[in-house]
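The data blocks that follow each hold one structure.
Consider the two complexes below, in which chain A is the common component and chain B and chain C are the respective partners.
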Partner chain A sequence: MRRPSAALPVNRAARVAGSARRPLSAFAPALFVLGLYLLIAVGVWLGLWGQGWAEIGSAMWEGPSQDHWLGTNRLGQDIWQRGLAATATAFEIGLPVAVLSTLIGGLLGASAGFFAHSWIDEAVLWLVGTLEAIPFYLFVAALAFALSGHPWAMHLAMIATFWTATARVTRAETQRIAKLGFIEAARAGGLRPRRIIRRHVMPHLTPLLLIQASFAFIAAVKAEVVLSFLGIGVDDSVSWGVMIAEASQEILAGFYLNFVTASALLFGLVMTVNRLADRFQDRFDPKAARLDACNHA
Partner chain B sequence: MDRALWGFVARRLLGAIPLLLGVTLISFLLTVYFGPDKTWDLVGLNPTQAEVEQIREQLGYDRALPERYVEFLLDLATLDLGHVEATGERVTEVLRRTIPVSLMLLLPGLVLGTVLALLLAMLAAWYRGRWLDRLITGVSATGMSLSFLVIIIGFQLIFGVGLGWFPVRGWVVDDFGDYLRHIAVPTLAFVFVSLGYNTRFFRAVMVNELSSDQVMNARAFGASPFSLMINNVLGNALLPILTRVMFSVPPILITGSLLIESHFSIPGVGRVTYEAILSGDQALLMAVVSLSSVLYVLALTLTDLLCRCADPRLRSL
Partner chain C sequence: MPEPVLDLRDVRVDYTGARGTSRAVDGVSLSLSSGDRLGLVGESGCGKSSLARAIMGLLPNPGAGLSGRSMRLDGQELIGLPERAFRQVRQKSLVLIPQHPSGALNPVQSVGRQMESIIRRRLGVSRRRARQEAADALAQLDLGDIGALLDRYPHQLSGGTSQRVLIALALACRPRLLICDEPTSALDPTTRAAALDRLTALCEHEGTALLLITHDFGIVAGHCERTAVMLQGRIVEEAPADALFHAPRHPYTKALLAAIPRLPLAATEG
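This part shows the complex of A and B:
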């Protein structure tokens, strides 16, 4: 069973129009914003700011002031500090999940695509189909249940499910590449399949894998919010999801700062990475049909 | 139908069996086999070794994995799903009570969201590159970047608290007006989310179709934009659109049901599942995870089958 995005034919209109390559400067605004987010996260990791997110010392639900730039929450904790610390948490979840799920998906997808219709291919396709048929949030719930609240249950569940999208796209692209002349030449030259995949196929997959990694990053950051709201996400720490879950109890009482801070930071990061992925796709292959991040959060 | 087609249908149905075994095996392993040990919840104070053994035997902990998996499959096939821990109610009874509520809550948004996404995609594809197209793709990109949860809470704030048009939460379905007022905010949120990530895909399919030879031909013969869009573009793009809808609907339904029902206190299957997640209720979790995965596999197989029956070119694949 194939996903529709894989079945979508090349955009003929774009080929006719011959859309121009975007200049590199098109990346600048999004890269700048992403840099700001990274700066916040690195500062939190180095202990420069965002350290006082758990301090309970002030009155509850204070408005913005000199001491508390964005006011305080129900426990009198500083919302600005929590927003900064939560930014670091987002990267702590998004980066490992993106890297590992892309690696696994890339390797399995490339192997399946290179040895198309072999037992490896069948096994990978079966695993992809199976994991995709289990609704994601229920899968996380079941895994959290099985691991009885293990701190890495959420990361594990995300990696275990996000690699399938990468594997599917990589498999299709590898099948296409494997038919090209230089691969045939490498085969005729007597190179081993493993070496062909590593030296000749993988380099051509890099742009695709980068895009998939950015999608996995977005999916992880967004899924964290939903999972923390459902009570199976971040525990003993602060994240945008934790802040929004808190806020869902207090907005009806008219306290919006927690909700607005977390949502705005979340939206900014997701929008920025989405835009970068879009621009990047335009640049490296303007003719191909756009891929979309596949997340249901 | 001829025999070749029947053979094809049978092969496709058989092809779903490995997937069904896969999803049930994972559900079994996660919720039953590696699930928390229930022995100590069930034995009395200061149990003897014999009592503990007896409970473990009742729970099936003394048997081997394959044997327990087969038993799990039989239970699932006969819908013998056990009882909810907190209330002792039968799981099938809970599902029968809550699933209709969730469907009543989410179906209007689902239909509305898909139809609106199609209409907007047609507009964007027709005015490709113009300001209307940019507006629609821009709004849909924004919708894609917003978290479902943020949209739900935001819409509740705007329409329930701020403007005060609709109830802030709760579920009253005594008459049709009440029903409409209570599904208004959830439906708006649901429509916005489905617009976000369907419009772009539908637009891409339609842009592609608009430049095809047969559409060019119809255009040359002077077909009106409306008939062109409905008869030529939509007709030809139906298969990818149908596949997309079938792939994206079940996950978004489950996410929506979980988030909307727990946030708006609506007694649907999502809220029951949310409570089961929080309290670690094994029977209910097991039932929801395995049944929804099995239904998803069946729905996808059926879609695949329908597409291939509708389009003979796909049958050889």
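This part shows the complex of A and C:
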């Protein structure tokens, strides 16, 4: 009889596959910066700093000073404080939109993909197509009007439009997964569809959904800036978009601090989340890892 | 005569595509009693796998239709059975060993975990007991260090090992009917013989009916009592394995047998 001596090569394959993954330290810089941003936001929520963003001072368009680190705007408001408060606003918009749109998109997309060409699939695709047919800014304006300026109108509009992209990719990925042998095996074993989706499909969608969520976060933060610039976004609060909108008049007068502060903060956050998503994709894409393992072996 | 485990009468499977329907299985009748071992042989595309999927209730839906006079499992009619009830039947009495072993294991769960959860569901035993059953079944298949194997993930297994894991899992589930679709394509001849020996021994011991789908006459000759030859969706000849090999009646069977490569010396067929 052939002695099975599979232990050695198997271990080596496992080690090679492991080394093909990026080490956790690759996440560190981006995580550190994201942590700083979160710290700013949490501090604002707890009332530690950035509370004086609305105070109207006497000195307008002042340069940086002891009292106003980054100077003041046209109304004499402190730009540094406004920048901090706007960071919190960005998270207030980005987080709920990212979480909810990914949940909705993931759930509907997975159902549509698993029950491909059934009525569920048709219904989800119809909904996706319909929502994507509405111009985004028109949709936000209409919702804001319909909800008569409700603070969540913008969130709602973003969630309602952002989930469709997630649903599309999730549907495609689920269709691919559903054709794999172990899904058929689960079916052959007599598992209920709901259980198959939860136990055997969802774990394979997690990396994809996390990446989708970070993209939705970025998209929400950026969309807020544009919407606020257009005057249909953040109301009664401060955001990077509001600051950039103010700056449109200041730049002509040769005053850049408002614009630079908001843009730099926005750039830093978007860049960081993007980096995280990329690192994450590298680490959790099993195909990339396997390809690497083959090359090493 | 006792009631057969599996009784097919005039079973048909149709696939509906963009350019009309095509009939993959065209009026197949088969009967398998407890402990029977039937080899189903035929060329690629003759409908063997479609028949297996029809019995398992795994035909694509929509896209394929199952019809015919009757398809009974332990007396229960399966044609027209709603999916919910079919799930119960599958879970209780049927096991399929698929053609491509590596894909049948979930990549994110360790071998032990998936074997455990399946055995628990099938036999309704505790987690500990299920793990023991899994280890026992694996031990019959000459797989070396079983403790380590249970903790491995499917991508760390060779094709032959995953195939034997599936066979072990099938053994542990003690089904009424076991359908094997090319169960040993990834095994070398000696391992294959050992695995099939275990499989047939179990079927004899537990009274499991075995439907072995293959295009390897050697496997059929060695491990099945009866052989059915399938051609273009029909069973063209069914006979005890010996009779079929020594006195094939249908011209297609003769052609198939003639296509087996032979050594010029001893006739060590099977």
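Before moving on, here are some points about what is shown:
Throughout what follows, the second predicted complex is superposed on the first by the 263 of 297 C-alpha atoms of A that agree within 3 Å, B and C clash if a C-alpha of one lies under 4 Å from a C-alpha of the other, contacts with A are read in each partner's own complex, and residues count from 1 in each chain.
Assume contacts are C-beta pairs under 8 Å (C-beta built on N, C-alpha and C of every residue); 3 or more make two chains touch, one makes a residue touch a chain.
All of these numbers come straight from a predicted model, not from anything done at the bench.
With both structures placed on the common chain, the touch criterion links A:H150 to neither chain B nor chain C. By the touch criterion defined above, A:G190 reaches chain C but does not reach chain B.
Between chain B and chain C, the partner in contact with more residues of chain A is B. Of the two partner chains placed by the overlay, only chain B lies in contact with A:F136; chain C stays clear of it.
In the superposition on chain A, contact is made by A:G181 with chain C only, not with chain B. Of the two partner chains, neither chain B nor chain C is touched by A:R198. Shared-chain residue A:H117: touches chain C; no touch with chain B. When both complexes are aligned on chain A by C-alpha atoms, chain A residues 1, 3-5, 7, 13, 290 touch chain B in the first and chain C in the second.
Contacts from chain B toward chain A in the complex involve residues 18-19, 22-23, 26-27, 29-31, 34-36, 128, 141-142, 144-150, 153-154, 156-157, 161, 168, 197, 200-201, 204-205, 207-208, 210-212, 240, 243-244, 247-248, 250-252, 254-255, 258-259, 262-263, 273-274, 277-278, 280, 282, 285, 288-289, 292-293, 296-297, 300-301, 304.
Every residue of chain A that touches chain B in the complex is listed here, in rising order: 1, 3-5, 7-9, 11-13, 16, 126-127, 129-131, 133-139, 141-146, 148, 222, 225-226, 229-232, 241, 244, 247-248, 251-252, 254, 256, 259, 263, 266-267, 270-271, 274-275, 278, 289-290, 292-293, 296-297. Chain A contributes residues 1-7, 10, 13-14, 17, 117, 180-182, 184-192, 200, 203-204, 286, 290 to its touches with chain C in the complex.
Interface residues of chain C, counted against chain A in their complex, comprise 56, 58, 62, 87-92, 94-96, 98, 100, 102-108, 118, 121-122, 142-145, 148, 152, 155-158, 161, 188, 190-191, 194.
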